[in-house]
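First chain written, first letter: the chains are A, B, C, D, E and F, and each begins at residue 1.
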Amino acid sequence: MQLTYLLPAPMHATELGVAEMRRRAGLLAEWASAGTTVTVSAVDSGPASVESAFEEYLAIPAMGARLRSAENNGADATVVGCFGDPGLDGLREIATRPVVGPASAGMALAATLGHQFSVVTVTASVRPLLRRLAWETGVLGALGEVRAVELSVLEINNDHEAAHGALRAECARLLDTTDTDTIVLGCMSMGFLGAAERLTEELGAPVVNPVRAALHQAEALHRMGLAHSRRAYHRPPKLADGDSIAVLAHQADGPMEVTA
Amino acid sequence: MQLTYLLPAPMHATELGVAEMRRRAGLLAEWASAGTTVTVSAVDSGPASVESAFEEYLAIPAMGARLRSAENNGADATVVGCFGDPGLDGLREIATRPVVGPASAGMALAATLGHQFSVVTVTASVRPLLRRLAWETGVLGALGEVRAVELSVLEINNDHEAAHGALRAECARLLDTTDTDTIVLGCMSMGFLGAAERLTEELGAPVVNPVRAALHQAEALHRMGLAHSRRAYHRPPKLADGDSIAVLAHQADGPMEVTA
Amino acid sequence: MQLTYLLPAPMHATELGVAEMRRRAGLLAEWASAGTTVTVSAVDSGPASVESAFEEYLAIPAMGARLRSAENNGADATVVGCFGDPGLDGLREIATRPVVGPASAGMALAATLGHQFSVVTVTASVRPLLRRLAWETGVLGALGEVRAVELSVLEINNDHEAAHGALRAECARLLDTTDTDTIVLGCMSMGFLGAAERLTEELGAPVVNPVRAALHQAEALHRMGLAHSRRAYHRPPKLADGDSIAVLAHQADGPMEVTA
Amino acid sequence: MQLTYLLPAPMHATELGVAEMRRRAGLLAEWASAGTTVTVSAVDSGPASVESAFEEYLAIPAMGARLRSAENNGADATVVGCFGDPGLDGLREIATRPVVGPASAGMALAATLGHQFSVVTVTASVRPLLRRLAWETGVLGALGEVRAVELSVLEINNDHEAAHGALRAECARLLDTTDTDTIVLGCMSMGFLGAAERLTEELGAPVVNPVRAALHQAEALHRMGLAHSRRAYHRPPKLADGDSIAVLAHQADGPMEVTA
Amino acid sequence: MQLTYLLPAPMHATELGVAEMRRRAGLLAEWASAGTTVTVSAVDSGPASVESAFEEYLAIPAMGARLRSAENNGADATVVGCFGDPGLDGLREIATRPVVGPASAGMALAATLGHQFSVVTVTASVRPLLRRLAWETGVLGALGEVRAVELSVLEINNDHEAAHGALRAECARLLDTTDTDTIVLGCMSMGFLGAAERLTEELGAPVVNPVRAALHQAEALHRMGLAHSRRAYHRPPKLADGDSIAVLAHQADGPMEVTA
Amino acid sequence: MQLTYLLPAPMHATELGVAEMRRRAGLLAEWASAGTTVTVSAVDSGPASVESAFEEYLAIPAMGARLRSAENNGADATVVGCFGDPGLDGLREIATRPVVGPASAGMALAATLGHQFSVVTVTASVRPLLRRLAWETGVLGALGEVRAVELSVLEINNDHEAAHGALRAECARLLDTTDTDTIVLGCMSMGFLGAAERLTEELGAPVVNPVRAALHQAEALHRMGLAHSRRAYHRPPKLADGDSIAVLAHQADGPMEVTA
């Protein structure tokens, strides 16, 4: 199967560059099952990293265009490349094949491994977003805490070992002082660090890598002939088959203001 | 106070045109308390009407720009001009003064008027969005049903009387056959129809006009010196004071794909 | 509009006296919108302050009589003058125009300003009552903590500055150590202290004055032509139009006991 | 043990009269375990039957006085004689021995007998009260429906057979068309009809008589040396030991109004 | 009435022996109401004490056989002799008369005594089981904490005084530092220690003995002519009246494995 | 990897026989990813099909023994071969490698595909069990209905086409008349019928085959180096490494009864 990993950021235009895109594609290919080909696709405009709700919103229109392009080029499934699952409901509306969100896939998997899972992410400011994602996935009842190591995504990518230490400390604290029995790493950069695999061993409790949870869910859906439900994610009425999604938006010459 | 009513659509470039913007500004001014000035502001690009999650996402980046412009021009508060509260969390992050969502304001008001409220909206496809908004507002426990009259926003604007009849039938059905005791109209076009006021009288039960609920909440917050909580809607770290929100997004020459 | 603020206590017969009633009427008039006239009405018998459920119950029959009298004298809306919303459901049953509870109005407003609000009140013994009010309003899902400063209402009225310091300390603790992003003051005496306004400024987070939240909700309902739902708060079958509420209760010469 | 059954109504001054009080005392004595003496105690003023929240409130102050009197005369436990559990929290505050509510006791028992119980009561207008009681008891999660036969308490007492037929029809409907597996009769008059016992046999599903559920819970608490928790129902601070509860309320010469 | 107390363990073959069975039968008889005869019945095979979910499962098939035997010998009701309520749903399916679980009965009683109860048990490993029982009973909303004293059942039986001290310390901590107002002892050995009665006195808050809560619920159900609902606990279709439960299981000569 | 599919029934000793075990092993092997070897393992005693809670309990002790044997023979993961996930928590306690429940895996997957999933199973009597499993998995919030086609497992295996028709009718009804957008087949025999695959195509909505959902979750866990959390499923204290699970149960010469 062909799998597209869809980055909400123009990573090739940031400090991380195409090299990091290649590294991630390589890891995805290594983690994938036999027969899965992986393409990492980046938008032409968007936030360098998602640290707020508004940045998520900035990314989504361009992600929609890349998704349609990936499907036109034969992608059998798409994984959203950000743990905030930015625009997952909207992307699923305009997709014709499975779109998988790593928060959704990672938390649903974690829910089955114990009684209570917690999420460790980069910055506390995304906590409300992550709680909402747990609610939307339907697993809020199994979510314990959302904790943050307060490192920027860039810091994580720049000093892997320091980031790993901060992660381990927070995960250990959760396991020792709360009812948490399972952990989900709440950031794709953490996932590509290999942190989950090391932490699972170091801590003796399952630490879910959301990249791999999403990858394997996409593979499973493809093998099973399933996709997200069209009855949950309706095709926009204005969008006829074959239309570019540009048809959904009107263009004016400029904005307009009227004062009563 | 100066209040901006922020349209997610370039209404001036659609069939409804500037005339409808003027009509809405006039109604808002009529409904407002003494001392409130109302400006209706429309984006330069976006969906003609919001009928899907993806169309909400398309609207938000331009809404962010209009919001910042409104605040720079002295707006004391902004009301989001769509019942889906598109981008409310993101807009609040980049705002410096209150941003009010009509779903949030209308449902919170309805929750206080009885034991169970229901929402009547235009199309069933937005039901999951509205349930999520009720959850985000914190009033899901008081929400009964989300029902749709299955009229497009354009149909509502074109034949007010037929739309009113469809609304009345659905509202009556809710009051007669469910535990619903209070209704919220789930569409701003319905609000500007004057439907809520007629239905309240015809049905003998409160029918909340979300336009006015949001307007009065904005006025109340302004009088009380309150705004949404900065601890809930953090300022994006990449955004320094004075920055244009354009700084939040990287621009690349084009998209990029890497296949492993 | 004419608004009645209905005190559950015979404040004129307590240490606070008519002077405090006048001070409160003055503040309400100052906070109200143009065109709102405020009357503060006190019962002839009841608890000096509400510090238990039983004291709430003692107050309600006399409040019912004052409410009917206020409506007969032209009150367009009534605000219950105690944060416990004593008897709100019962008062709404016998009212013909809007009755607003400050807990209900204050918590519903707070729910829209962030993700989680907490209440700071005078005594921990009323915590179960306040949690029940949050449930009845439909916003329990958004309620974080109910904390108490353990000052009596009389102490608050006697040493405003000490009370303010205690409040600030508790509010700061909530914002610093919990997920609370918004606070509601859970006592009308606190509201008439001007504490919410100072704390909002001092703490950089919205602190809702329940007096003003209720006042503005009453004004909004009046402007919108809405009231609480008659389908939620049914008219007592024994009460015909025009009846005094005394008709609801039988009088016997004395109690009676029968032992089997 | 001495058990007081506390009527919220001056039944001796109503059409039912002392004869009905004697009949009820007789049934309670018959149902009670060996060694239990039952006194039925009626207030001197209150609603003939509780058909609204406001009528509940009217009953409570006098119930408080009767409760204190019963305890002074040696009552080991008190059962509230109305399915609305009027004033249960307040009565528990001023009591020194167990006070049992029939809704609370009946619903808690029903919750243990299956997966979902429903309540059948006299009038739909008390549905919100009963749902609140289920929430306060902590068993709302197990509550299915609250249904009403729409007979007045007086009609039930006047034509037992017709009332039984209406009850049976509604209970059968619940068992046949919903997930209900257990039923609680939501009215004490129904309980004293012997309806629960006949329906249990006729329908092949447990139908709980709230009178007996409360009676047996009071007996069990007494045998076990338990009472409601003082940490949940705090003694009103103004009430010193030995005080009459009259001390809780201030008396003024009359009401007072101040207009700003 | 004849009541069977059904031990999941072959206590007579353990260190505690028949003497402890006699001691427990004696206490049950002492606690029971006049007219109740108590038989303590032990299985022929099972765990010495239930410290894990798997041990619960090991006990249930033999408990089913003992239950059928008890009913055949005239038992009017059966109390499950383990706080985990092992197999309660299954046992109820095959029973013809009431089967009462002590966790279910104890927690439902505790829920009516205050706003929040907590459970103190022997080992933290059974916490998820106890939370599930609270959910199944329908009272999870009223459950605060599940705490463990980390003593084995054998240690409790061997040094009553030390066990009591550990219990008191944990109960006091709950009452002092959480919202807990009522406690349930989560272990039958604790119940037979007389700990609940002493702790209620020492701590001034109700501490429920699950043995007695179950005993009195069984008595109440018998007096009221009620049992668990057959519509909740269906008779296994394969089980005709009169059948031994052995008919439910097929026997093979040995296991079988097939590899594709 | 080596995967064991663990049947709770001695299928080889039932009408279905070894042939059906072979057919199922063949389908599992066909559905599995490259590199997965599948063994179907049946217990030596248990119910022919699970149609009640008590039958589940009968199966679990023998399943524990087969699980330990499978792990000793090199199984990398075990899938419980019954949609009731019988004994999942207990089996996980005694396992050293992943144990996957098909209800848990199937419902968690379904939760990610839409907003509300429903389960279609064989008999309504297992509905409470399935709701409990949804709660335990943490996805009860996303569960709509549990519906039954009222066919026995044997009927399903005997007339595949009639069973498929009944399934399709019930699934269509759910999609047409409720908020269900995704369906999980609640029976492994249904899964081995190939029904999910046909229904997904026929109905245009995802119908999850629980067999394959569990299979792919087991594969994913193995690839990711994860297992269920030892902190959620504690090793029974009585079980030392290397012990047979027989050590967990005491054996007596026979049962014992003591009457006080």
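By our rule, a contact is a pair of C-beta atoms (placed from the backbone, for glycine too) under 8 Å apart; a residue touches a chain by one contact, two chains touch by 3 or more.
These are the chains along with the protein names UniProt gives them: A, B, C, D, E, F = Allantoin racemase.
For clarity, every value in this text was computed on a predicted model and none was experimentally measured.
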Which is it for copies chain A and chain B: same residues on both faces, with over half shared, or different residues?
-> same
Sort the other chains by how far their Cα centres are from that of chain C and give me the top one.
-> F
Between chain C and chain F, the Cα-mean centres are separated in Å by 54
Dist(centroid_CA(chain A), centroid_CA(chain C)) in Å evaluates to 46
Taking each chain's centre as the mean of its CA atoms, how far is chain C from chain D in angstrom?
-> 28
Residues of chain A that touch at least two other chains are 115, 128, 135-136, 232-233
So, in the complex, the side of chain D touching chain C is made of residues 9-14, 18, 21-22, 25-26, 28-29, 37-48, 51-62, 64, 66, 69, 87, 89-91, 93-94, 123, 125, 128-129, 132, 135-136, 152, 232-238, 245, 248-260
So, in the complex, the side of chain F touching chain A is made of residues 31, 33-35, 100-101, 104-105, 108-109, 111-116, 135-142, 175, 180-182, 196-197, 200-201, 204-206, 208-209, 212-213, 216-217, 219-220, 223-233
